[in-house]
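Shown next, in structure tokens, is the structure this report addresses.
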Amino acid sequence: MKVKVSRKEHFNAAHRLYNPAWSDEKNAHIFGKCSNPNYHGHNYEIIVTLTGTPDPETGYVFDMKVLSDLIREHVTSKFDHKNLNLDTEYFKGLNPTAENIAVVIWKILRDKIDSSLDLKITLYETERNYVEYPAP
Amino acid sequence: MKVKVSRKEHFNAAHRLYNPAWSDEKNAHIFGKCSNPNYHGHNYEIIVTLTGTPDPETGYVFDMKVLSDLIREHVTSKFDHKNLNLDTEYFKGLNPTAENIAVVIWKILRDKIDSSLDLKITLYETERNYVEYPAP
Amino acid sequence: MKVKVSRKEHFNAAHRLYNPAWSDEKNAHIFGKCSNPNYHGHNYEIIVTLTGTPDPETGYVFDMKVLSDLIREHVTSKFDHKNLNLDTEYFKGLNPTAENIAVVIWKILRDKIDSSLDLKITLYETERNYVEYPAP
Amino acid sequence: MKVKVSRKEHFNAAHRLYNPAWSDEKNAHIFGKCSNPNYHGHNYEIIVTLTGTPDPETGYVFDMKVLSDLIREHVTSKFDHKNLNLDTEYFKGLNPTAENIAVVIWKILRDKIDSSLDLKITLYETERNYVEYPAP
Amino acid sequence: MKVKVSRKEHFNAAHRLYNPAWSDEKNAHIFGKCSNPNYHGHNYEIIVTLTGTPDPETGYVFDMKVLSDLIREHVTSKFDHKNLNLDTEYFKGLNPTAENIAVVIWKILRDKIDSSLDLKITLYETERNYVEYPAP
Amino acid sequence: MKVKVSRKEHFNAAHRLYNPAWSDEKNAHIFGKCSNPNYHGHNYEIIVTLTGTPDPETGYVFDMKVLSDLIREHVTSKFDHKNLNLDTEYFKGLNPTAENIAVVIWKILRDKIDSSLDLKITLYETERNYVEYPAP
């Protein structure tokens, strides 16, 4: 029988939604105030969920301290107090919507964690908007 | 690979649990103080979750601003600051339990949103009681 | 040196804002949807704060278990799952605004608690609207 | 179509992570400060989720008051204000990790609730660490 | 006897801490990652608190709907989805620390609200950092 | 005009309420389950609030990063994952009620922070019970 374990971390970042294939007018029309040229920002909350079988010796699916360290080393140290569009390699050609940020974080962490464990990312952009990847 | 996107809204309403096929005594016995004849009320929190593939041009599964507008137009404008039993058409012959309210909201929104997107409703009646529909 | 101690409890109730000295039109104009004739409702959160000197033998300003019991016996048992306008004696001639509910709760509890302790009531009507009484 | 219903309760307990088959050094190395010999503690939040079909007469999948009473009688009365390692029978030979506590609670409640209802336990050890059992 | 009433609103903005009288090195030394040249951002929560005597006819110190509208018209419409340093007049010559943002909001609202009511601003920059102005 | 700035941190600890001048029976009678001989525990949330005038060069009353570091070095490193009664020097002769813990934290931090700044400690023992010291 499997157990899910989840760890919550956070980062604060600026971003702007923008499709370079479109005119500024179309960007403003589609993305509204989220496309403000001078950026806006969020306190992002990230939840990393692993699914697996508890180790009989430790009773852990995964050590939450180790998971916290992995998220901080590979994700929040790169995104915290950054401009996602300008300061990170991940969104040079990718629009930093909550959907795309969650997929990027999943790809960063997937090969840092044993493949026997399922991995899911939940990302809160605000208390009222959040996304989960992958969806079953 | 699919992504889930969720938007949270809220409404404040009065309601009463009551089955008209039963005596008042049986209603009081089964529903307890939730059947108070003069009603009581809640701050309901509603989370609407859509599952789909992000559009490659926008990076959105669904525009959260549009989803917020849909929920406000079709759900919270009808339920907010209302008596669910007396002021809405939906609970004339249906007991307004959290379970039934969630199913009603799902039915209201299902044909407003493209059928390629899965739709789930989460309804918090209090911080301690909540329901989700449909359950897989 | 004094310490403040606070205990949070909750109740769920229906209410309606209404001034019987006014016409229905004026009530609707002034109170808007809060004056819906069939009532609406809230999950009220109540915080009771006492200020005093810790007892040297217990280290308590006041036993939080005793405070919880006092609030449940004298406040939430009377307001929970009730219609504040119709089911309680307190709002027969008093509009159940958050301000007035807080004052009523303060008056109920003031003579149940030793007068050497300052008493303050904080009442959340929603997560976004709350009141405190008395204000210094 | 099925609905999930969830009820949240809480308990406050002390615990220590420790594998008696290991040396104290190995316990300290693997479990870090969670293995402090004199224990530490948490405010645990427990969410019990049942999945089933609403009863057509009540509109309930399960009466939340009855579920709350079941959790209090069989779980929180045994764990609240206790030392999980020393004061409960469940962790005499089982390390009280969040994973194992969730499995124990599931086993306690499984035969108290009709088998037609799926049962899931979510346990928050802190706001940042939580587990779910069983995982699909 | 006076009552305090509070209304919570929010805005999402980018900012950067920077003192133009200092070298870039000194800015980086003093403000650390908060001085990132390409900005970062936050979900700001703003609470506006008014202290006064309830009106005997309404039972209100102040209509929370009117207060919400005032905050949205004069504050959040100017700050939401903006870069505080570049897109607003208020921080052209003022460092947008939480302290300074709270003082600016107080100054904006002070002459929109009757001077018989005390005004206090609470600003959450994150869940873990917040400020209040004025302090008694 | 002064501004208050607040920083929230947390620690997880075990404790037991006990007055050694009393019999075990009296301890059990007065402190109830909080006096369990094998301890219980909490996720404590601590908020440190400083009141002062923002520095005109930085716009800060106090650097929140420095305050966070001070709290971690002098408070949470000593209390986190500890038994307050057995593992700390502060509660050898002092009952670890929330009131007394708040006073101890205030005394620890008072001489680490410039005396021109007022200092207040808020301590949440649970979401429902919290204390503040000093009270004006």
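Structure notes:
In order of appearance the chains are A, B, C, D, E and F, and numbering begins at 1 in each one.
The rule is simple: contacts are C-beta pairs under 8 Å (C-beta built on N, C-alpha and C of every residue); 3 or more make two chains touch, one makes a residue touch a chain.
Predicted, not measured: the structure shown is a model, and the values here were computed from it.
Chains making contact with subunit A as well as with subunit F: D, E. When the partners of subunit E are compared with those of subunit F, the chains appearing in both lists are C. Seen from the Cα centre of subunit B, the chain whose own Cα centre is farthest off is F.
Each chain gets one centre point, the mean of its Cα atoms, and the points for subunit A and subunit E are 28 Å apart. Centre-to-centre spacing of subunit C and subunit D amounts to 34 Å, using the average Cα coordinate of each chain. Across the assembly, subunit B contributes 127, 136 as residues in contact with two or more other chains. Interfaces, counted as pairs of touching chains, are A-B, A-D, A-E, B-C, B-D, C-E, C-F, D-F, E-F.
By the touch rule above, subunit F contacts subunit D in their complex via residues 10, 12-15, 33-34, 36, 38-43, 80-83, 86-87, 126-127. Within the complex formed with subunit F, the residues of subunit E that make contact are 17, 19, 21-22, 30-32, 94-100, 102-103, 127-136. Looking at the complex, you find that subunit B touches subunit A at residues 1-9, 51, 54, 57-61, 64-65, 68, 118, 136.
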